[in-house]
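In the two assemblies presented below, chain A is common to both, partnered first by chain B and then by chain C.
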Partner chain A sequence: MSAIPATRTRAERRTTPGVRIGRRRKGREERRSSLLTLLLWVCGLYFAFPLVWLVVASTKDNADLFTSFGLWFGKRFSLFDNLATVFSTQNGIYLHWALNTVLYAGVSAVGASLLATMAGYAFAKYDFPGGRALFSVTLGAIMIPLTALAIPTYLLFSSAGLTNTPSAIILPSLVSPFGVFLMRVYAADAIPDSLIEAARMDGAGEWRIFWQVGLRLLGPGVVTVFLFALVATWSNYFLPLIMLNSSGLYPLTVGLAQQQAASAAGGGAQALFSTVITGSVVSVVPLILCFLYLQRYWQTGLATGSTKG
Partner chain B sequence: MASTIAARPRSRTGDKHRLRPGSTRRRQHAAAYLFVLPFFAVFVAMLIVPLFYSGYLSFFQTRLVGGVSFVGFANYLHAFTDTAFLGGVARMALFLVIQVPVMLALALFCALALDSGWVRGSKVLRLLMFIPYAVPGVVATLMWGYLYGNDFGPIAQTLRAIGLGAPDLLSPENVLGSLMNIVTWEFAGYNMIIMYSALRSIPGELYEAAEIDGASQWRIAWSIKIPAIRPAILLTIIFSVIGTFQLFNEPSLLHNLAPNAISNSFTPNFYAYNLAFVDQNVNYAAAVAFILGIVIMIVSYVVQLSTQKREKNA
Partner chain C sequence: MLAGAMVLTGCGAGASPSSSPSASAVSQADIDKAMQTPTTLTFWSWTPKMQDEVDLFEKKYPAIKVNLQNVGQGAPHYAKIRTALKAGQGAPDVVQMEYQETSSFALTDSLLDLAPYGAGDLKGDYVPWVWNQVDQGGKVYGIPQDSGPMGNLYRTDLFAKSGITNAPATWDEYAKDAQAVKSSTGAYMSNLAPNDPGQLMGLFWQAGLKPFGYDGNKTVTVNVASPQAKNVAAYWQKLIQGGLVSVDPDFTDQWYQGLANGKYAGWLTAAWGPVFLQGTAASTAGKWNAAQLPQQNAGEQKAGNWGGSADAVLKTTKNPIAAYELAKFINNDATSTNQLATKQFLFPTDTTVLKDPSFVDQKSDFYGGQQVNKLFAGISNNVDTTFQWLPYMDYAYSSFNDTVGKAIADKSDISASLDAWQKELKDYGTQQGFTVQ
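== the complex of A and B ==
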């Protein structure tokens, strides 16, 4: 049932972006509900409050942290001092962690979205023997708990000498079964068969059709898969925790967790609290900016995937 | 190959192609295989091989005397009598029946409200609710850990300021609830966006008629919108089931703050990690991880089955 509406709205969206939403909203402007608005903003506050606290806390030194109220600024504005401490503690190891995170997440996300896009495109646009079976296997794999794989992967990597290298994080992160699923759904709607046929008539090879016709129409889908793969690797803690043991290779998640454990164990004596808090703020800013900057794309991409889940 | 095409007369490549020489079709099949090959090469190496290796490992035991020996299902039998493991699974089952419905109900309510157009500032709200998803679980947990804390947590500060005693949110009795709150905070917005995206894709005509007939917004939401986004809701349920049984980051970070409240078998996944990397008992850890995977598949399958049945009845 959902297939027909989704195809229609997709066509509408492609030709006249925003028109449909405008039409639906017309004549409704007066129909705001104060009660619903209030309720939703209370929910919104719940989601915002921890982050507001975190940002406010990142402007305090350790003394203010303990003596001033959490949701308001302290006596001194120490954000810049804190930032300097974050980047200079342990010979500036935080910068290493940050660069590692960017490297692991960036390479994994580019790789994962490329593999998922090619596979999803093939599943959507070619009727080849074994295609359905392979797609079912991919779907089934969404349910495999990744941590059930982490232990054997660690042992296999260990015997191959891959542990404690960037590949140990990047290789397992290249697989995104959900990305394949999303790209298949997206490609089925976004690329008309007639366009592929026409390109074939013009003598274009299958490979060229994918790169020049397919990819161009798959933009929002690719951005969606890219962002979700980026977040998955960026926030991954379990895999780097077991794979890496030299702190110079840690991503931010493992590094921050280690600092948190040290500050908790030291009972505040080490004055690490404000460093951990400020380090946390710095570590979440890039991803939030990515999502805000690319929101048009991923919201479209998700809309297609979610109607046919 | 020919039979595949013949069996599906409405295949995407169309009738024209059947008349062409087979070499064209073969070339297209070859292209399709090449497109899926890179994904499946990594898929097999990083998913299938470790999965089977894990299964293999789970049938062995390493003893100090005698080395590695085949023990059949002994590890599995041990797991079913291991109170630490069973306690973790039971805790996650409790988590599943309380936290997941609350989170998804909150997500659905927000999605419907934002879609209805009755809320001021809905665009800002939508992003506000989604932002926690971009915050890594590690950061979310250490942030909430500080918020819960007695030293400089604003919750304790506020309660003390109004003359009440501050509750210990990280005590053994309260820590599961505190954990549920963290997970809800992290993922409610993500689920909301999936539901909201599905709601946006419902064509207006589906309920404009009902609106003209004077149906209330509640009725429209219940009878038209929610059934229309059932696939999206199912997706969020399944992801939540998988996520719940795999909880690791949150308990492992809270363990540093409250070692007495969070034991090393608090969640099955945390237990498997401690077995493998602290106790060096890789074989038993593999069995535990395997059982966990099977539990997840069974629960996901039951969820799918029950919603399908409801669809048929409807």
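== the complex of A and C ==
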């Protein structure tokens, strides 16, 4: 969850012209401000706090969870037992949910970044009738929380007979108004009009210019949108909650919430607390790995952008 | 929450319950034919491992395939049912449904009356008060699955430290013991959850109150602020304000911790509580004991209920006979009901299981070898049989949280909050087109 605000700050920095992070650090070292450092540390702790709690809690069994101090380890170290339970409860349905999540988030992120890039490029580089109006509509769409659209979307999908299918999750996630906005701003700066002109002179078609010239310069922006869409779909709870009925189609968010609810079901309850917590830890690991990996592209993208631009 | 709110407005005053049963009495030949026709049923239930009972059913009726789905528990479950009904497709055939929800779904004409399918004959198989929860004037809206007659779970070690040898027999004794427990151990006697109306309603039920009533048609009775109700409220208010009973929301982290670390010396809970506690407070094994609820007067044996559910059939089903047979099989077949009680620890509603030695004679080490099931099986017979619900319990419970729940949490005037709740319930009933008494 804390990943979203973190990316947002990064993306904002990225899109603010003139700020280049990570490159000029050496020259500024003497001008370090202790107040700022302290503030950053506080922010860092704030974001790390829930994660630390989660990781520590994942090493506890049910008894320790409710009797020991939250930020330190309990009497027994049960991480491996918990992991075993996570993958064996309800015949290992966790793995199934994980694969569903990868499928939904992966397809949605690739699709959403592609669509947003194309749309953003078009808005930035072409003048066409209604372009401004359409872009305003896109901007307006950013203001509408996805949750508010969930019920109309459900009714729409229901009449199309698409509820309780993977496309009920993937199709709505393919549209990312914020991604379009981001790509428009990015494309306006990153691709010089003269370059497009030059490509046209050389006889390249518009389609080819986009794929071979535009897309390469847009790399870092595409990665940003990709990560946004990935996190958004990965952690989406409400949409799959209302769209899906079969446990076999659930992503991790809904599945884990269901196991959590089973712990408090009253009659016939199963105490799955440690399982849910450990399951949550496992569910964020792929996202963290993805961030660490794609960060490189971000930085190299920045670097190439700065020399070529 | 959103889904619930949106669909609630959708199923308001306009719908009136249809009076004609959808089918006349079904013959054995019809049943045999239906059960041999290849059919797929969808069953929404949040009961863990319900697949085991579904497997039994599919083994008995190989032509019927059951698609068991867990779409959530409590509010999300009902919201999904309503959304699916509203969307006109995707609704299941059989649904698990808590007793207090039945009349609101019956009101929108969403539930199939099971009496023409033979459900009326099952009446004798269930504890009378439970049967009354699903039977509305001869119309049967579900087959009872589990129940939650209330008792008192308490920490024998903390009681012993406070010089208490027996579970309090009366509410006066309970208050006195609470003082002793507080001064000797620092623990709260128990916790009254501000977020869980079911607990206080169970206590109302035990006190013989009739806070709600519904004639099955257009008349509802709201009586949550009666003098007797205010007596109950005043009793708890005193304990809460005296620091003897805590007011943590239940089924939360803080509350689980309280159960495990001795913050609470007891829990007034339902028959599903004992097994639940074993899972959450495993480290306190052997320190607990169970007893019936304290009584108004010594020697009485009155009980209330908290929770429990039935399996109902939605009217939209295309296979009503098979759907009914599934709901019946799960909760009436001897193997299935025994399994639900002894393997999944649902507290039974079926009188056969409630007498079955394999269930009642079980000794629980967590409770120092006590035969907890036997105790609760006895309590189940003492539950008042005439307790009713409103046909808008979703609203009633959310309104409870804003009024009474808030007063409990703030340790303020609970009696006054009952008046506020009464007013909200009456206003809402009138708005929805009911005659409110």
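Basically, the second predicted complex is superposed on the first by the 244 of 309 C-alpha atoms of A that agree within 3 Å, B and C clash if a C-alpha of one lies under 4 Å from a C-alpha of the other, contacts with A are read in each partner's own complex, and residues count from 1 in each chain.
What we mean here is this: contacts are C-beta pairs under 8 Å (C-beta built on N, C-alpha and C of every residue); 3 or more make two chains touch, one makes a residue touch a chain.
What you see is a predicted model, and the numbers here were worked out from it, not measured in a lab.
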Comparison of chain B and chain C by chain A residues contacted: B
Given the touch rule stated above, what does A:W53 touch, chain B (first), chain C (second), both, or neither? first
In the overlay, answer first, second, both or neither for which of chain B and chain C A:K125 touches. first
Regarding the shared-chain residue A:S158, is it in contact with chain B (first), chain C (second), both, or neither? second
Where does A:G44 make contact in the superposed view: on chain B (first), on chain C (second), on both, or on neither? first
One more residue to check, A:A63. First (chain B), second (chain C), both or neither? second
Thinking of the overlay built on chain A, is A:A261 touched by chain B (first), by chain C (second), by both, or by neither? both
Determine, under the contact definition given at the top, whether A:N245 touches first (chain B), second (chain C), both, or neither. second
So chain A touches chain B in one structure and chain C in the other; where do those two contact lists coincide? 65-66, 147-148, 151, 154-155, 242, 257, 261, 264-265, 268, 273
Which residues of chain A touch chain C in their complex? 62-63, 65-67, 147-148, 150-151, 154-155, 158-159, 161, 163-164, 241-242, 245-247, 257-258, 261-271, 273
For the complex, give me every residue of chain C touching chain A. 2-3, 6, 44, 46-49, 67, 69-74, 76, 80, 83, 87-90, 92, 146, 148, 251, 253, 256-257, 259-261, 270, 272-273, 275-276, 279-283, 307-309, 340, 344-347
Within their complex, chain A touches chain B through residues 1-2, 5-6, 8-9, 20-21, 23-25, 28, 31-33, 36-37, 39-41, 43-44, 46-48, 50-51, 53-54, 57, 65-66, 69-71, 114-116, 118-119, 121-123, 125-129, 131, 134, 138, 141-149, 151-156, 171-172, 174-175, 177, 180, 193, 197, 205-207, 210, 231, 234-235, 237-238, 242, 252-254, 256-257, 260-261, 264-265, 268, 273, 276-277, 280, 283-284, 287-288, 290-292, 295, 299, 302-309
Which stretch or stretches of chain B touch chain A in the complex? 1, 4-5, 8, 11-14, 27-29, 31-36, 38-40, 42-43, 45-47, 49-51, 53-54, 57, 106, 110, 113-114, 116-122, 124-125, 127-140, 142-147, 151-154, 157, 161, 185, 188-189, 193-195, 197-198, 200-204, 206, 228-229, 231-232, 234-235, 238, 242, 245-246, 248-249, 252-253, 256-257, 269, 272-273, 276-277, 282, 285-286, 289-290, 292-293, 296-297, 300
